[in-house]
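In what follows, subunit A forms one complex with subunit B and a second complex with subunit C.
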Partner chain A sequence: MRARRWRLIGFLALLLGGVAFAFGFPAFASLHATIQLTNALALALFALSLALVWGFGGILCFGQAAFFGLGAYAYAIAAINFGDTTFAWPTAILVPAAFAAALGYFMFYGRLSDVYLGVVTLTVTLILFQLFNSTAGPEYRIGDARLGGFNGIPSTPPLNVPFDGRAYLSPESIFVIAVLVLLAALFGCLWLLRTRFGRVLVSIRENPLRAELLGYDVRVHKLAAFTIGGGMAGLAGLLFAQNVLVNPALFSLLYTAQVIIWVIVGGLGTLVGPILGSIGLQYVMAWLGTLGWINPNLALGVILVAFVLFVPRGLWPLLVKVVTHGRRLVRGNGTS
Partner chain B sequence: MTVAPILEIRKLTKRFGGVTAVDGVDFTLADGELRCLIGPNGAGKSTFFNCLSGQLAPTSGAVHLDGHDISGWPSHAIARLGVGIKTQVPSVFDGLEVRENVWLAARRRYNAREAKERCDELLTRLNIQSLAAHMVGELAHGQRQLVEIGMVIASDPRLILLDEPAAGMSRDEVARLAALISEIARERSLIVVDHDMRFIRMIAETVTVFHQGRVLIEGEVDKVLADAMVKDVYLGKQVV
Partner chain C sequence: MDLAAILILQAVSTVATLVIISIGLAVIFGMMRVINLAHGEFIMLGGYTVFVATNAGINMWVAMLVLAPLVVGVIGIAVERLVIRHLYGRMIDTLLASWGLSLFFIGSITTIFGNTTTSQIASPFGAVRIGAYSISGYDIFLVFMAMTIVAGLFVLMRFTKFGLLTRGTMQNADMAAALGVNPGRIYMVTFGLGAALSGLAGGLLAPLSAVLPTMGAAFIAKAFITVISGGTAILFGTASASALLGTVNTVATYLTTPVLGEVALLLAAIILLRLLPRGITGRFLGRDL
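What follows is the complex of A and B.
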């Protein structure tokens, strides 16, 4: 009963704190800081998508960047062709989700083992990287949108007021949307994991054979989780694309590897951890980049190794452990 | 009056390359019957068991369960037909609590409220209610076996397949398990694979002996265990 009450208080605090932060931060921070944090939130949503797929579905996907990149391209192409970003939202979610469903069908129904699944997802991502890199000519266009090869689609439209393609939203409004979308995704994942589907998904991560012997179709559950994760990564791609630009680098090894590191550092098997890990590491990387004497990617590798060796469960479980231990100590002192 | 069979197996064969692990086995289990499968290591019991549970697809032959030909069906589809399966090595959800392990098993068949009631009832019946909030990974081997048995019966299956349920259990635990299995057998059909002859004597009325992938003999437990051929097969092991 007490645990349930604390959980409810935690959810409410997170929700109210998040909403207050969404509206409060742009009022005090500079425009540059607001835009930078919007990017970080988009990438945090990207990390959350892998946290669900890998941390709870047990699917080690080395190609989450494929869905991120597809979401970004789908958004840009739809926004340019419609002249309005309203319908670009569902497009950016459905295209990568459909791609994840098709890819997942062959992987899960083909009963690929975890190692091959990692190899296939990584290979597909690199194929997409090569594919979009070789679309430089004017003949590579979808409607009015030129794919632009290596340079991508630099004139990606920012978000606009629904059904009014000329009324672009301000960076502050887009920041609010990014926070709310991330919160909605987080609460959506928390809800999903409390449903029967979510509990079965976790049981499949723990022991797929036992789940199968209980009568649960492991393939269907994994495919559904993979598809939802693909749609979430696509949504992250949308938020990133409308703020920055769209190019084949979104499918690159950099994004593929970074998102895995964010999840490990934040805490595999948690949802909040990868969000914090992603945002924290992005700021650390940006700061290291300003120093000039150290390669940020090398530093990221060192951070990963340090976490794997000394904090293998990640940042968030460590934080929870410290707080729980602290509360026990306080309670012990209070009663003695 | 003869009881209609729940399980009918005809000419079941499973080959791994050049090795024939199960060789044209015919087997029938009456509805409500408890049958033990015994045999020395490598006799083909586990392969036969895995063909029934869907973990292996038979090379040839037919497995009929309640009138459905389930040969080659995936495990989840066989489980949904009302078959509860316990594997040789305890197969549980180590990272989840005991309660959730049993709840997940019950939830496949029942709604959330019924599954919770069924889960509480089983934890009490198995005398593991004090372990309900423990992670299964933290439990001793015998306790994990009990959790798995709880998971197997949680969805109220008509046929239960138990592969070496008494392995690694203490004498007391084996006696309790035997009592539990006898109780379960009043309502359901069971196939139990085991090596422990004391345990077999506690629960079985009829036994099928496997040897070199074939059925060597089957019949009443006392007659079968007294058979010279069976003693021979166990190569000097005392069949008490």
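What follows is the complex of A and C.
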């Protein structure tokens, strides 16, 4: 009973804090900081999608960037063609989700093992990178949108008021939307994991053979989780695309590697950890970039190796452990 | 007729290139079940070895065939001792750690040499003419090299004491240890051998592709898909998967564009894995050569 009440209080605090932050932050911070944080939130949603797929579905997806990039491209192409971003929202979610479903069918119904799955998803991402890089000529266009090869689509339209293509939203209101979308996604994931589907998913992660012997279809559950994760990554791509731009680098090894590092650093098997890990590491990397003498790849590589060797469970579980341990010490070894 | 001859030659050279870029990965994965995501960077380091050595005035052939595998093999052994050794049996962790190493190598080489290289290594041999068409003589050399590497590895694994000990350790490390073999040392040498082969690949490909810190990414997708499609038998699997995927790639490239050729290669591999999840040789040969 008590644990449940505490969890409810935690949810409410997170919700209210998030909403207050969404409206409060732009009032105090500079415009530049607001836009930068919007960007970080888009990438945090990206990290959350992998946290769900990998941390709870047990699917080692090294190609999450494929869905992120596809979402971004789908958004840009739809927004340019419709002249209005309202219908670009469902497009940016459905296109990557459909792609994830198709790819997932081959992988899960082929019963590829963990590691093979990782390599196949990684390869798909790299091939998409090459494919979009080769679309330089004017003949590569979808409707009014030129794909633009290496340069991508430089002027992606920002979000607008629904059904009014010319009323662009201000960066402040886009920031509010980004916070709300991230919160909604987080609560959506928490809800999903409490449903019957989510519990089966976790049981499959723990022991696929046992789940299968108990009569659950491992393939369908994994495919569904993978598709949902793909849609979420697409949504993250949308938020990123409308804020920055769209180019093939979204499919590059750097994005794929970064999102995995965020999840590992934040804590695999948690939802909040990867979000915080993502935002924190982005600011660390930006800070390292201003120093100028250290290569970002080198720093990321060292962080990844160090975490795998020394903190394989990530920072968030470590933090939780320290806090509960501390509380137990204060209470005098009680049972909590 | 000339066109057919050229197309066949081209297919054979694509196949040979696939064998060359994936054999180092196949040795490490097939023997040790370690997925080495730093494979592309081992190739890159091989390329840089040739680049630095030729700039220092060393004969190109020596740099390519001797120095590149030697240098990268030593780096591979160092990597195994420092990082990979601690992670055996934790497949996903090794994979992540090797990814970290890959980023680390890209970062370090960029810091040392910058984003670009100034001089291009000239491709030796001229063109070979067949009727109205021509093919690079170096491509034919690569075919020869691919056959030499595969034959050499076969002899090493099948007929030498080292090969026997290695295969024994891979089949049952505990039993090998009980018989007095040190599995740790075998793993170290095998990893070094795989790295050396990747270095050799980098050296051989240096005249064909620009030597850049990020060049590994261009090979890694193809190398992985080849090794995985090949399945558990290192030599036969890699060779047969290369033959299949290389042919698909060449035909699709001829009919459309090089990029779509690569897409066709990938699609063929994914469909193949849907039908044979353990690769071409997984079902029939098991963990043989």
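We adopt the following convention: the second predicted complex is superposed on the first by the 332 of 336 C-alpha atoms of A that agree within 3 Å, B and C clash if a C-alpha of one lies under 4 Å from a C-alpha of the other, contacts with A are read in each partner's own complex, and residues count from 1 in each chain.
One rule holds for everything that comes next: contacts are C-beta pairs under 8 Å (C-beta built on N, C-alpha and C of every residue); 3 or more make two chains touch, one makes a residue touch a chain.
Model, not experiment: these values are computed from the prediction.
Trainee: Put the two structures on top of each other at subunit A: do subunit B and subunit C fit, or clash?
Mentor: By the criteria stated at the top, subunit C and subunit B fit after superposition, with no clash.
Trainee: Check the residue A:257 against both partner chains and state whether it touches subunit B (first), subunit C (second), both, or neither.
Mentor: In the superposition, A:257 touches subunit C alone.
Trainee: According to the stated criteria, A:127 is in contact with first (subunit B), second (subunit C), both, or neither; which is it?
Mentor: second
Trainee: Quick check for you: in the superposed arrangement, does A:309 touch first (subunit B), second (subunit C), both or neither?
Mentor: In the superposed model, A:309 contacts subunit C only, not subunit B.
Trainee: Give the label of whichever partner, subunit B or subunit C, reaches more residues of subunit A.
Mentor: C
Trainee: Which partner does A:210 contact after superposing on A: first (subunit B), second (subunit C), both, neither?
Mentor: The answer is first: A:210 touches subunit B but not subunit C.
Trainee: Per the contact definition in the header, classify A:202: touching subunit B only (first), subunit C only (second), both, or neither.
Mentor: Only subunit B is touched by A:202; subunit C is not.
Trainee: Please state the minimum Cα-Cα separation between subunit B and subunit C in the superposed model, rounded to the nearest whole Å.
Mentor: Taking the overlay as described at the top, subunit B lies 8 Å from subunit C at its nearest C-alpha.
Trainee: Which parts of subunit A are touched by subunit B and by subunit C alike?
Mentor: Subunit A residues touching both partners: none found.
Trainee: Which bits of subunit A are touching subunit C when the two form their complex?
Mentor: By the definition above, subunit A touches subunit C via 60, 103, 106, 109-116, 118-120, 122-124, 126-127, 130-131, 133-134, 252-253, 257, 260, 264, 294-306, 308-309, 312.
Trainee: Note which residues of subunit B are touching subunit A in the complex, please.
Mentor: 53, 55, 74-76, 79-80, 85, 87, 91-96, 100, 104-105, 107-109, 112, 151, 155
Trainee: Which bits of subunit C are touching subunit A when the two form their complex?
Mentor: Contact set of subunit C toward subunit A: 35, 83, 86-87, 91-93, 95-97, 99-108, 110-111, 217, 220-221, 224-225, 228, 257, 259, 262-263, 266, 269-271, 273-275, 277.
Trainee: Can you list the subunit A residues touching subunit B in their complex?
Mentor: 196, 199-200, 202-203, 205-207, 209-218
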